[in-house]
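Both complexes shown next keep chain A, but they swap its partner, so chain B is in the first and chain C is in the second.
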Partner chain A sequence: MITLLLALTMGTGQPDPLLGVRDPQLRTLAQTELRAAVQKGLPTAPLIAKTLEGQLKQAPAPRIAMALKALTARMELVKTKLGSATEPELVAGADALAAGVSPDALAALRRMWPERSIALPIGVLTELVTRGVEPKLATREVINLLNRRATPQQLIQLGYDVSNDVRRGQGAHAALDVRVRGLMGSLLPAPAGSTAIPARP
Partner chain B sequence: MRDEVMHDPVLRPLVETARQLPDRNPALVARILAATATPVRRPWWQRWTVPAFAMATLAATIMVWRREAATPMVPAVATSGTDSVQPTRVAPASPVAPVASGDGVLPATVPVRFAFDAAAATTVHLVGDFNGWDATATPMQRAGDGRWVSDVALAPGRHVYAFVVDGTQWLTDPHAPRASDDDFGQGGSVLMVRVP
Partner chain C sequence: MIRRLLACVVGSCASLGAQEGTLAIELGSARVQQVESPSRPATIGSLRARLGGTWWLLGGDVTGTLADSVGARQFVGLASVMPSAWLRTETAFSSTRVEFERQGLGFTQSATVRQHVQWGARAGAWLQGDRATTERLRSSFLSDALGGVAWTQLGRVQLWSGWQRAWSTDGPVLFGPQSLRIAPGRPIRYDDWSAGVVAQLPRVDVIVSARRRDGVPPIAPDGAAVRTAADARVIVTLASMLSAEASHGVSLADPLRGAPEARVTSLLLRVQRSGRGARAVTWQAVDGGAEVVVRVRGGTAAELTGSFADWEPRAMTRDGRGYMLRLRLPSGTHRLAVRRDGGAWKAPDGLPRVTDEFGGESGLLVIP
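The block that comes next holds the complex of A and B.
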C-alpha cells in the first residue's frame, strides 16, 4: 500500500526521482524516508532535494538519512502548526524552524494571513534570524509589519536591506531597528480591533 | 441587409466573433461590421474581397487584443546586492503569471542572472533550492574573462544557492550573505529576490 502511495505521489511512469542518487545505500535509505513522508501526507520533493544536496556535499549516507528524518519531522510540525500548508510553506517553515524560529511564530503568521501563502514572510523571518536577529524580536517585527499591511515587496526589501546592512558590519538588531522605523513611516496604522503587537519604545 | 449577412455562412461567424470582442476599439469593430454589411449582388471576386479583408482585419484585431490582455513581463530588479548575482532583463524561463500574495500582487517569477568567476573551471553548475539541488539541472555558460553566467526565473523571496565547479567542488558566492547548514556543515549563499 505504501509503495503504491509512493508510486502515485512520485508519479507513475515518471523518471525515478532518485535517479541522480549513485550510492545504493543512500538510495535505499532515502526510499525509506520518502515512504515515511508519503505515509504522513507530506510532499517528497523536498526530501529528494535534500538527498541530492547531501550527495553534492559528499555527506555520508547515514548522515543524509538523519537529515531527511529531521526535515520530515520539521515539515510535520509545520503542517500541524499551519493547519493546511502548501509545499512552499512547508519547505519555508522547515527552514525557519532549522534557523531557530519558533513553531508558534509560524502559527502567528498563519493567523495574520489565513488565506494567503505565508511562504514569503516566513522566508523573510528566516533571513532576519539567520543574520542574527533574536527570533522573538524578528517575529514581532514581521507580524507588526503584516498587521500594518506591509506588502510582500516591502517585506522582501526589509530582509534584503537588513542582510546587506549586517554584511557591511552593522549589528543585526540595529539594522532591523533602522529599517523597520523607515518602513513604518510609509505604512497605515494598525487596523482597529486587530491583534496589534505593541510597538517597541 | 444585416439579416442577409447573418444568413451568409462565411460572414455570420465573423460578425458573431466581432461582437464578442472586448470594447478595446469599438470603431474598428464597427468598421468590420459595416464592411460585412455590404450588398450581396456583386461579381464573384468582389464577393470574396470584402470577407477576406474583414477576416484579415479581425485576425489582426484579435492579435492586438490578445497581446494587450497578456501579462506584461515584469522588468527585473532582483539583485543580491552583490557583484556576483546581477539584475538582468532577460526573458524568464517560464511564463510570468501574477499571483496574489498579501496586499500586493507578485509576479510568479522574476528573471535573475547569476554570474561566477572561475577561470580555471571546465564546467560550472548552479544549484539551489529552486532546482532541487540538482547538479545537472542548470549548467552555466562561459561568458569570457573567466566568468560563468546563467539566467534563471525565480520566485520572489529568499533563495539559497551555490556553485558546483567541475562536478564536485562546492563553492559559495563570495559576494553574497551566507546561509548556515546544520545538516551537512556546508552552507550556501542567500539571494533575496525582489520585485519592482
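The block that comes next holds the complex of A and C.
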C-alpha cells in the first residue's frame, strides 16, 4: 500500500525523483523517509530537495536521513497547527520552526489569514528571527501588521528593511521597532473587536 | 593629468559592474614621462581607501617632478545610489591642488554626475556630465564635458566604446611644449573617441584601449588636428582578496585642466574584501515573482545553487572582478548558497543566514 502511495505521489511512469542521488545507501534511506512522509499525507518534494542538498554538501547518508526525519516531523507539526496547509506553507513553516519560531505562532498566523496562504508571512517571520529579533516579538509584530491589513509586499519590504538596518549595525529590535512604526502609519486601524496585540509603547 | 593619472593608477575607470559593499585599499606607484618636453620622469605614489555601501571617500596624494609641477593632492567624494541591480547614479566632487614650481598654486574643482544602466552581465552603458572650475596663473575659467560609454560582454571578452566632448569658451590654460600659457577668450573644444577590449582569463584580466582626439583648435604639440594614444593593463588575481595591476601607455593631455600629455607606467597592489554584510542579492518584482541578481566577489570561479534549482550547482558568469547570475524566481521563500573556487557553500552576502543540518548554511530570500 505504501509503495503504491509513493508511486502515485511520485507519478508512475515519471522520471525517478531520486534519480540524481548517486549513493545507493542514501537512496535506500531516502526512499524509506519518502514512504513515511506519504503515509503521513505530507509532500515528498521538500524531502527530495533536502536529500539533494545534503548530497551536494557531501553529508554522510545517515546524517541526511536524520535531516529528513527532522524535516518530516516539522512538516507534520506544521500541518497539525495549520490544519490544511499547502506545500509552500509546510516548507516555510518547517523552516520557521527550525529557526526558533514557536508552533503556536504559526497557528496564530493561520487564524489571521484563514483563507489565504501564509507562506510569505511565515517567511518574513523567519527572516526577522534569523536576523536576531526575539521570536515572540517578531510574531507579535507580524500578527499586528496582518491585523491591520498589511499586504505581503509590505511585509516583505519590512523584512528587507530590517535586514538592511541590521547589516548596517543597528540592533535587530530597534530596527524592527522603527520600521514597524513607519509602516503602521500607512495602514488602517485594527478592526474593532480584533485580537490584535497592542504595540509596544 | 593628475586626475587622469590617478584614475589610471587605481584602474577604477574600467569597473563597470556594481561596486556595492567593498572595502578596498590600493597602493600604487607610477613613472610618468612628459611626452612633449624633455623633462625628468616623475614618480607618483598613490594610496587610496574605498569603503563600499552608499558613500565612497577617496583621496590621492601625488608627489613628483614634472617640467612645471612639483606636486599635487586630490580628494574625491562620491555618492552612489543604486535603486535596482540595473540602475546606478553617481555624483562626484573632486578637488585637485597642484603646486607649480614656477607659477605657484593651481586648483581644479569639478562636479560629475554619471548614470549607469546595466542589463545583467551582458551589456550596459553610462552617460556622464562634468563641470570644472580651474584656476591657473591668476586666471579662472569654466570647462564642461559630456560623454558616455557602452559595453557588452561576450563570454570572457568585454568590448567597450565611448565618446566624450570637452569644451570651454572661457580662455583655458594650454600646456605648451615647455610651460603653461593662457589663451584668454579663445574657445577650445575637442572630441575623444575611445574603444577597448577586456579579456577575462581565469586569473588574469588583460585590458587594451585606444583613443583618438579631434581638437579645435589643434591641440597636439606638433599642431596636428588629430591625436591618438593607447595603453595596456594587466590585472593578476593573486588571491581572493589580493590583486596586482601593471599598466603602460600614453595619457593624452587635458588642455582644459592644464595637464600635459605623458607616458605612464604604473604598478598597483589592491587588497579588497566584501564589506561586512554587503548585500550581494538584489531583486526586482515582476509578475508572479522577481528577477533576482546574485553577485559574488573575487575568486577564479563561482557557483550558485539553492532550493530553486533542486540544489544543482549553476556556474556564475564573470562580472568585472566578480561573478553574477540572474534568475527568475517565483513568489515564495527560497534558500540560496554560493561558493567560490570549489570551497564551502555559504549564504550570499547580505541575506539572513540559515544553518542547515549538514554543518553548512544558506541564505533566506523571500520573494513577493
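Throughout what follows, the second predicted complex is superposed on the first by the 201 of 201 C-alpha atoms of A that agree within 3 Å, B and C clash if a C-alpha of one lies under 4 Å from a C-alpha of the other, contacts with A are read in each partner's own complex, and residues count from 1 in each chain.
Simple rule for what comes next: a residue touches a chain if its C-beta (ideal position, glycine included) is under 8 Å from a C-beta of that chain, and two chains touch if they have at least 3 such contacts.
Because the structure is a prediction, the values reported are computed rather than measured.
Participant: Quick one: on chain A, after the overlay, do chain B and chain C clash, or do they fit? Just give me the call.
Facilitator: After superposition on chain A, chain B vs chain C: clash.
Participant: Who does A:Arg116 touch here: chain B (first), chain C (second), both, or neither?
Facilitator: A:Arg116 contacts chain B only, not chain C.
Participant: Once the structures are superposed on A, label A:Val91 by its partner contacts, choosing first (chain B), second (chain C), both or neither.
Facilitator: Once the two structures are laid over each other on A, A:Val91 reaches both partners.
Participant: Comparing chain C with chain B, which touches more residues belonging to chain A?
Facilitator: On the superposition, B touches more of the residues of chain A.
Participant: State whether A:Arg149 touches chain B only (first), chain C only (second), both chains, or neither.
Facilitator: The answer is first: A:Arg149 touches chain B but not chain C.
Participant: Quick one: classify A:Val124 as touching chain B (first), chain C (second), both or neither.
Facilitator: So A:Val124 meets both chain B and chain C here.
Participant: For A:Gly159, decide between first (touching chain B), second (touching chain C), both and neither.
Facilitator: After superposing on A, A:Gly159 lies in contact with both chain B and chain C.
Participant: Examine A:Val38 and indicate which partner it touches, taking first as chain B and second as chain C; both and neither are also allowed.
Facilitator: After superposition on chain A, A:Val38 lies in contact with neither partner.
Participant: Taking the superposition as given, does A:Leu29 touch the first partner, chain B, the second, chain C, both, or neither?
Facilitator: neither
Participant: For the superposed three-chain arrangement, which chain C stretch in 188-196, 242-250 or 332-340 runs into chain B?
Facilitator: In the superposed model, chain C runs into chain B at 332-340.
Participant: Once the complexes are superposed, what residues of chain A are shared between the chain B interface and the chain C interface?
Facilitator: After superposing on chain A, chain A residues 20, 48-49, 52-54, 56-57, 59, 63-64, 66-67, 70, 88, 91-92, 98-99, 119-120, 123-124, 126-127, 130-131, 152-153, 156, 159, 163-164, 166-167 contact both chain B and chain C.
Participant: Show which residues of chain A lie in contact with chain C when the two form their complex.
Facilitator: Contact set of chain A toward chain C: 20, 48-49, 52-57, 59, 63-64, 66-67, 70, 88, 91-92, 95, 98-99, 119-120, 122-124, 126-127, 130-131, 152-153, 156, 159, 163-164, 166-168.
Participant: Once bound in the complex, which stretches of chain C touch chain A?
Facilitator: So the residues of chain C in touch with chain A come to 53, 276-279, 285, 305, 307, 310-313, 331-333, 335, 345, 350-354, 356-360, 364, 366-368.
Participant: What part of chain A is in contact with chain B in the complex they form?
Facilitator: Touching chain B: residues 20, 45, 48-50, 52-54, 56-59, 63-64, 66-67, 70-71, 88, 91-92, 98-99, 113, 116-117, 119-121, 123-124, 126-127, 130-131, 146, 149-153, 155-157, 159-160, 163-164, 166-167 of chain A.
Participant: Would you mind writing out the residues of chain B in touch with chain A in their complex?
Facilitator: Against chain A, the touching part of chain B is residues 81, 100-104, 106, 127, 129, 132-136, 155-158, 164, 168, 170, 177, 179-186, 190, 192-196.
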